[in-house]
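Alright, structures below, take your time with them.
You will see chain A twice below: alongside chain B first, and alongside chain C after that.
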Partner chain A sequence: MGLIKYEKRRREMNNNNILEIKDFSLAFNINNRVVKAVDEINLEIKKGEFVALVGESGCGKSLSALSILSLIPPSSKILNGEIIYNDKNLLALNIKELNRIRGNEISMIFQEPMSALNPLMKVNKQIKQAIKAHKKDDLNSKAKIYKMLNMVGLDDLDRVYNSYPHQLSGGMRQRVMIAQALINNPSLLIADEPTTALDVSVQNQILQVLKDMNEKLKNAVLFISHDLSLVKKFSDKIYVMYASMMVESSTTKDLINNPKHPYTKALLKSLPSVDKKGQVLDSITGIVPKLEDRNNNMCPFAPRCEYAKEICFNEKPKLEKMGNSCLRCHFAKELNK
Partner chain B sequence: MSFIKLENVSFSYKNDLILEDISFEILRGETFGLVGNSGSGKSTIALLLLKLVTSFNGSIKFMDKDLSLIKKRSDLKQFYKDIQIVFQDPYSSLDSKKTVGYLIKEPLDIHKIGLKEERSLKVDKMMDLVGLDKMYKTSYPHQLSGGLRQRLAIAIALVLEPKFVVLDECVSALDISIQAGILNLLNYLKKKMDLTFLFISHDLNVVGYICDRIGVINDGKIVEIQETKTLFDNPVDIYTKNLFNNSYY
Partner chain C sequence: MKDYFRNKNFLSGFIFLSFIIFIIIWGIIKLPYEINTIDISNKLADISFKHLLGTDHLGRDILSRIMVGTLLSVEIGFYVVLFGFILGTPIGALAGYYSKYVDEIIKKIIDTLMSFPGVLIALMLIAVFGTSAKNIIIALTIMSIPRFARIARGGYYSYRNSPFVLATKARGASNFRIMVIHIFHHIYGELIVTASLTFATAVLSEAGLSYLGLGIQPPNPSLGKMVSEAQSYILQKPSYVIIPSIFIIILVLGFNLLGDGINKV
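Up next is the complex of A and B:
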């Protein structure tokens, strides 16, 4: 017994990761063919880290995030892999154990605050629900909620506290959602495109709130977005996904200044900005392959890649480590001498 | 030469003032950007310019002609030929039951331009210009990807050789890797066909890249109009400052 405890502690000390996704694959059955929507992805989140997961629509970024809390659609099937949180494999837990973690140790906010909040329930009751579900102290929950609403940048607290979601603006609703997600002081907050449905100026405020909370409460954040130019401004680490595969991950600084995968390189070149005014943007030819057309035995980016050779079409690239980066490319070394 | 001129334009809908005393000019050959939050009135301005909404106060001039004075059938026809719009969502703005070739040819049929045989040639030329392969001519919109659909929408708007095109959030629904291609196409077509653009968007990176001058609109009022570079480096108005300086755009 003592040895197991010691072993556990040793692992914790070596390992600052609060969440580790290891070789995780998720598949759908389309026309009697098994198609991987998430293909052997690896992801690590350290305590208090702000991690971004970026990719175009349909690349599997949301599915990966949903799998962390086992919120995947029933038609999907987990093929292999582990999602380790606090030495527990989340995929192996039963529903009771999962519910103890959901909204408590790991919570999630979504893109559409309007559809994610219950329209028939006042703000205070929705947030109280989250406290009650995990049997945290009920006596001063009101004070707790006020404090949290204030922290996420809402004023006019009495009104918000007693409002229904439709009486609030989009930005306020998103703040309420963040407050609800953080009320139990989770160690990880998953934010699935939380700003996409909001106006630019409100977007910034919400990002600022997430960043502030990340600094104050030390909760790690997994921020999912399609917008690379947005996440590069505030995340510690970026993971880039393309057509089911995790193509590259690195610290934000390295990924932006020194991208290694051809997709990341091309993507960064194609981003419009004021500084590129008057220049022709380098666009990536072709389109993202549809889910049913994906072949998991090749590099998914090969048909659009300027460096692609025969091997790219015949073999899936292995995960390689280079400095701070991890990437899947057959020519990783040749391209980054 | 002022190409489009709005003077003290106000518009209200059911007692709500949507636009308040808007005045600005769009010069010939430039790309003028309109930035603002949703509900600030960006798209309403587009509707007014297209004469889709006519009950407003103030005056709008298109090539020195007052919009409210364009009434004769022949004038209207010319007007609708000169001014076109591309919408945000290529999925819902195309007729799903018509083929690509038909959709591009339809405006030519309606405006009775050229002989019938010439029209088909013109469609081919237009498809070539926007980068749509000929093989898609008999396809339906749902068979195209988002990027190709937006190219189709652009082809339909440009086949009448308009002088002025309103681009209402026309790249917002596209993936990043596709966006760049459409932006390049717009810049190319603008030069090639001598167009003037009104580019409406909430994406500051895109607006900054493509626009020559930008108007910032907040709550139905234009708060600042500047050259793109100046606006990004040195915003004056408080609202604009907030938008640009504290922003993660």
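Up next is the complex of A and C:
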């Protein structure tokens, strides 16, 4: 039985996909009510692809990323779905198998480079531990680390190598994080808003480093951000999340030029640009519903949507495929004739 | 290290303890007199070159007895801290690092132990198992375990969800490794302070138990026992009771100041 299932899954899966999230839901128990923080999301990442996951704060994008490595908070509960990495369901692995994958095949960088590095440990030791944790050769680790630090755009390597994190600037620390994440040559790098805590000029540099590494080392990147204008320059594919739900996904070109979901449309309309100089910026009225107020049996965007009809408040939209994109909207066809 | 010596608390604690260590080492190298040699004709002698701190009511040399007694106190304190640390820290670490049930259970046990007066537990144990240095160490260790466990729990609890721990997990480190290396690195300072203060408490408790006659049994010398023997002669020869008391004070104060100093720096 297991073998048949496995074969079936293989056939189903496009072999280029290294990661596939299928109908994944994650819930919290708030006031004795089950509240879905991630609601049936689907996501595919191909080998070497640069994928962006965009959404407002609190829409569940970080949680989705953390679930890939099973680093979800203990108070949350996985309701259903699979996360398949190289034919393995990551959710079914035990802690030992997970530790073999974490930092080795899938690694992750975090939002705050200030606090994501152990403040009491020198840079070289932290990176060495990443190597050692996966029992890679220890002999030429120094050369390897130097090479990696150089690749992520750091100079003055001797100083960085022997520094404590507090002796480095924010951008340098984030580069160290990237170096540490990539040292074992993972096939997937998850970047959870790596540029949020940095200023704008450093932001671009870090993104450029990620893009360069993506091209040089052929590792896929899942880039999580709330800034659509930032990711559209770099990514191959964009997933848009809104209030726990994946509302639209498409190739970057399609999504930017031809958004199909009302939320994506509104989001793109509200981006500032040079052509709109002097005009009042468009904004989406209303706010994102709070986690405990979310109702999973309706379209989460309905209260703010200008096209919303009665059905939007009563029924959860199904995932529909239109050309390159997948979206969840009751009026997908009507709106995009 | 320079920072430590610039701190007045640490410096005075260090000086006090250096004096204690000097006394102990002197005693180990050469005791001025045999500690249990009774010389009634020379009892309650004053301070002189022959007997640097005088003699007690049986004519025994007080300095020699203090040397051995101090060593004993320090030994007991050391074992209490050592066992308290070895047993208490992992318990606290488990409670702090793993949430919910483990934490609740261990927390309740610690609270129960801490709500007991320590001396009472010691009295109970000694009443059941009899007096010996070993039993005192066991009794005082039981008192010291919750102290270490509580400090360790707080430390592990506050670092458990910190971003760098999450990042370390994402790097593929096991929970064991995170507990033993990464978080321990951050909290061992607090544990050293606790150790220092526990040491002082242990010394004091031992002196208290010996004073009550439940600790070290005569004729072996112990600072607390010496005070209790000397109190009958307090009017005839005040220095007999004052001198062991001063040693207890120096020992306890030394460790307290040292702990404070480390804490501040």
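Here, the second predicted complex is superposed on the first by the 323 of 337 C-alpha atoms of A that agree within 3 Å, B and C clash if a C-alpha of one lies under 4 Å from a C-alpha of the other, contacts with A are read in each partner's own complex, and residues count from 1 in each chain.
Operating definition for what follows: a residue touches a chain if its C-beta (ideal position, glycine included) is under 8 Å from a C-beta of that chain, and two chains touch if they have at least 3 such contacts.
The structure displayed is predicted, hence computed values, not measured ones.
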Touched partner set for A:Leu117, first chain B, second chain C, both or neither: second
Contacts of A:Gln180 with chain B and chain C, given as first, second, both or neither: second
Partner chain(s) touched by A:Asp236 [first = chain B, second = chain C, both, neither]: neither
First, second, both or neither for A:Glu320, with chain B first and chain C second: neither
A:Arg100 touches, of chain B and chain C: first, second, both or neither? second
Which of chain B and chain C A:Glu20 touches, first, second, both or neither: neither
Touched partner set for A:Glu82, first chain B, second chain C, both or neither: neither
Which superposed partner A:Lys277 touches (first chain B, second chain C, both, neither): first
Chain C-contacting residues of chain A that also contact chain B: none
Residue numbers on chain B that touch chain A, as the complex places them: 35, 37-38, 145, 147-148, 175-181, 183-184, 187, 202-206, 208-210, 228-229, 232, 242-243, 246-249
Touching residues on chain A, where the partner in the complex is chain C: 69, 71, 74, 95, 99-104, 107-112, 115-121, 129-130, 133-134, 177, 180-181
Touch list for chain C against partner chain A, complex: 99-100, 162-164, 166-175, 177, 182, 185-186
Complex interface listing, chain A residues touching chain B: 56-57, 199-204, 207-208, 226-230, 233-234, 266-267, 270-274, 276-277, 280-285, 287-288, 304
